[in-house]
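Have a look at the structure below, then the notes.
Letters A, B, C and D name the chains as they come in the text, with residue numbers starting at 1 for each one.
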């Protein structure tokens, strides 16, 4: 019994766990004394709330924080995904489809039409990002999930890597271009140079919907290229 | 009844760390990392929560006029949105390493890898 | 409301425990997905619909898919070599 | 063209170049290398411009989306940051120039992303933004360490990945605590808010930050990954990892510490960790048989020295730290490029056989770099170490100085062993890429010329004395960012 324990969990692991539990207790105590749950702790965010919709024109205030006040974070985040897609492609080479299924009428139809349906939902969520919950990330991931369904169901696959890569690059460059136009027009990178419009309408909030569309397509294409690598065979020592 | 979500998030953080320390299978380590990250995300959102307030979306005209004192903190939500996507980016790379390792050595056990000759 | 949230918390805790301590990797991954659903509900209770949506599509959808694809790929490549 | 856009360009140019590199999917190694090189040269030119401006007329603040600091994110380039930027971009350029032609376009794209993330990390004045750049940097470093796809590189990559993920989670917990307490993420705002925090809370947050940033900067208890990752990576990446990546994380740690944790107790913690890092790395490094691993241990040791220098918190310590940084960046970059290239050629990293395929330039490079790293008198390292000892003596920490001496001797012993191996080799190797030669010669020349430039250039010396005396000038930083805030609210 003790032998088995020793093999499974080493002593240092158990010691570390004890330390971690102590850390958790300390963290919980600190949290409850210094920042009581459910109380108003806003400082900077209070100014966001005060400015309300008039600052950026977005009805969804999270969107206005993500894409206007902290737009640089979002550019960085898109870059993380880009780096991730690049790194996955470095390790896993593209190859043939890993597994095949028996052809079946229902599956065939589903494989053909489901991605479009899911993609449509994704596109809707991307386009409404400045109004309702959702936006570029969520919509982009939904589009990628649609493709994932296709990968699960379809027996064969046409891969157009050139198109995917161009899409990724183009969307990244478009994001930067919009930022640079802001730099030229307003003197500050990612400045919102389009009119804010009426809060709550589809064509409002200046460049925010535009940025979310770029992000949506970019996120979708990054994840599709990542998923593609995970569902194909590794050919040894390819690029 | 008031539920304190700090407890749940700290529980997830501790559990994730224990999972990372105790597991030798790299896949299980990745699961531990995912649990840890979820805990941290929940922690950030809990810090931004304010009792009796609405989501930071200006649904009606009253909110559009002035949302002061009506909505929860929007900033942590934006941060968590960023953190979630960063987390899945890291996860994809970790899984790619695991798959590569399995393909080459037939195992994802990190301690076994040390004994193999490559 | 509070009973529902209590249920959600218990669901999250149990599935997180299963995810970390289960020996079967597929079970662990599925438990992770259930934990994500629990977290989605928790985010919704905490008035964060944006984050809830992101957690639902990323945690329960995409990362589970990635895990399962990776596990399947490993299996396929293992049997191929035998 | 106003000067405020230069910091933005430092981040945007390599990023846009990395995106652009993705366009035609099948592109040769050589064109992509040339393209990457050109964008890194552009970056270096921008960094030089920014350096000149900041040295003459003070720090530059850049805002994004036209939101003034507490609302939006800002970049802040002060004297210390521009030194980091200047030499970091220089090293990136040299490292890329010396790289082998067999590296694919993905390698070049990752190098560009690394450069963008480094510049952003050094410049950013917002703690969550620092986290985002940190994540980019981590991910890119993991991928580059695992680039060769050998057993040891994947093993190092996995170790690095697990530690890095835990570190970034800790960093995010620290950010959550900071945000919950202060309600802001801007470093200047935090600097004002943190004055009233109780010391216990500060200790917890500092500990979390130390784990978060300390893993990447290779501070003692968290630096296990470093000794596997540096040898396993391709040599241009080793040079960058050792020369600028770990130092940038150290810089962020020092900046946050100076702004948010000004109490002397935190400086003492860092001093202790610095001494431990130095002593342990040098002691273990003495027994290494692997040339690149030996250099990795020496890097960790030098990080310890820098940490000691900066945490003395006096002018002497500060200037010593800067000189040690510049010296380490150039000499270790040079050493990693030469030793890595040699061991790639001879396909061996063993200390006895790695130099069997050396060329003449390697000999020159290793001798210059090694002696400069050790601090043999006319070099920059000598000035840095002397100033460090003066600083320690003035801060009445002579005990620490006595403790350091034997370990400096140990470092000298093993670096001399490395130098002698290269010097005694026959030097009839076959060169693969002429870029290596050029990078080696230029870096050697720079190392030889830099001490005389620093010591004789009157203008530079004056500005050194006048402008940068305060270690990471916290008061000036807060004042200038808050000035911007007021101006924004009035206007």
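Simple rule for what comes next: contacts are C-beta pairs under 8 Å (C-beta built on N, C-alpha and C of every residue); 3 or more make two chains touch, one makes a residue touch a chain.
Since we're looking at a predicted model, the values are computed, not measured.
Novice: Could you quickly compare A-D and B-C and let me know which has more C-beta contacts?
Specialist: A-D
Novice: Return the distance between the CA-based centres of chain C and chain D, expressed in whole Å.
Specialist: About 38 Å, centre to centre.
Novice: Counting in whole Å, what is the centre-to-centre distance of chain A and chain D, each centre being its mean C-alpha position?
Specialist: Going by mean C-alpha positions, chain A sits 30 Å from chain D.
Novice: So what's the Cα centroid distance for chain B and chain C, whole Å?
Specialist: Between these chains, centre-to-centre, one finds 11 Å.
Novice: Between chain A and chain C, what is the gap in Å from one C-alpha centre to the other?
Specialist: Result: the chain centres lie 17 Å from each other.
Novice: Could you tell me which residues belong to chain C and also touch two or more other chains?
Specialist: As it turns out, chain C has residues touching two or more other chains at 49-50, 54, 58, 62, 66, 70, 73, 77.
Novice: For chain A, jot down the residues that touch at least 2 other chains.
Specialist: 27, 31, 35, 41-42, 44-46, 48, 60, 62, 69-70, 73, 76-77, 80, 83-84, 87, 91, 133, 137, 226, 230, 234
Novice: Touching at least two other chains at once: which residues of chain D meet that condition?
Specialist: Expected reply: 128, 132, 135, 139, 142-143, 146, 149, 173, 180, 185.
Novice: Hey, which chains are touching each other here?
Specialist: The list of touching pairs comes to A-B, A-C, A-D, B-C, B-D.
Novice: Using the touch rule from the top, collect the residues of chain C that touch chain A in their complex.
Specialist: 49-50, 52-54, 57-58, 61-62, 65-66, 69-70, 72-73, 76-77
Novice: Taking the complex as given, what residues does chain B use to touch chain A?
Specialist: 2, 4-7, 10-11, 13-14, 17-18, 21-22, 43, 46-51, 55-59, 64, 66-68, 71, 73-75, 77-79, 81-82, 84-86, 89-90, 92-93, 95-97, 99-100, 103
Novice: Quick one: which bits of chain A touch chain D in the complex? Just the residue numbers, please.
Specialist: So the residues of chain A in touch with chain D come to 26-27, 30-31, 34-35, 41-48, 68-73, 75-77, 79-80, 82-84, 86-87, 89-91, 161-162, 165-166, 168-170, 172-173, 176, 179-180, 182-183, 186-192, 239.
Novice: Mind pulling up the chain A residues that touch chain B in the complex?
Specialist: For chain A paired with chain B, touching residues are 9, 13-14, 16-17, 20-21, 23-24, 27-28, 31-32, 35, 37-42, 44-46, 48-50, 52-53, 59-62, 64-66, 69-70, 73-74, 76-77, 80-81, 83-85, 87-88, 91-92, 132-133, 137, 199-200, 219, 226, 229-230, 234.
Novice: Which residues of chain C touch chain B once you look at their complex with the stated criterion?
Specialist: Those in contact with chain B are residues 2, 5-6, 9, 12-13, 16-17, 19-21, 25, 28-29, 32, 35-36, 39, 42-43, 46-51, 54-55, 58-59, 62-63, 66-67, 70-71, 73-74, 77-78, 81.
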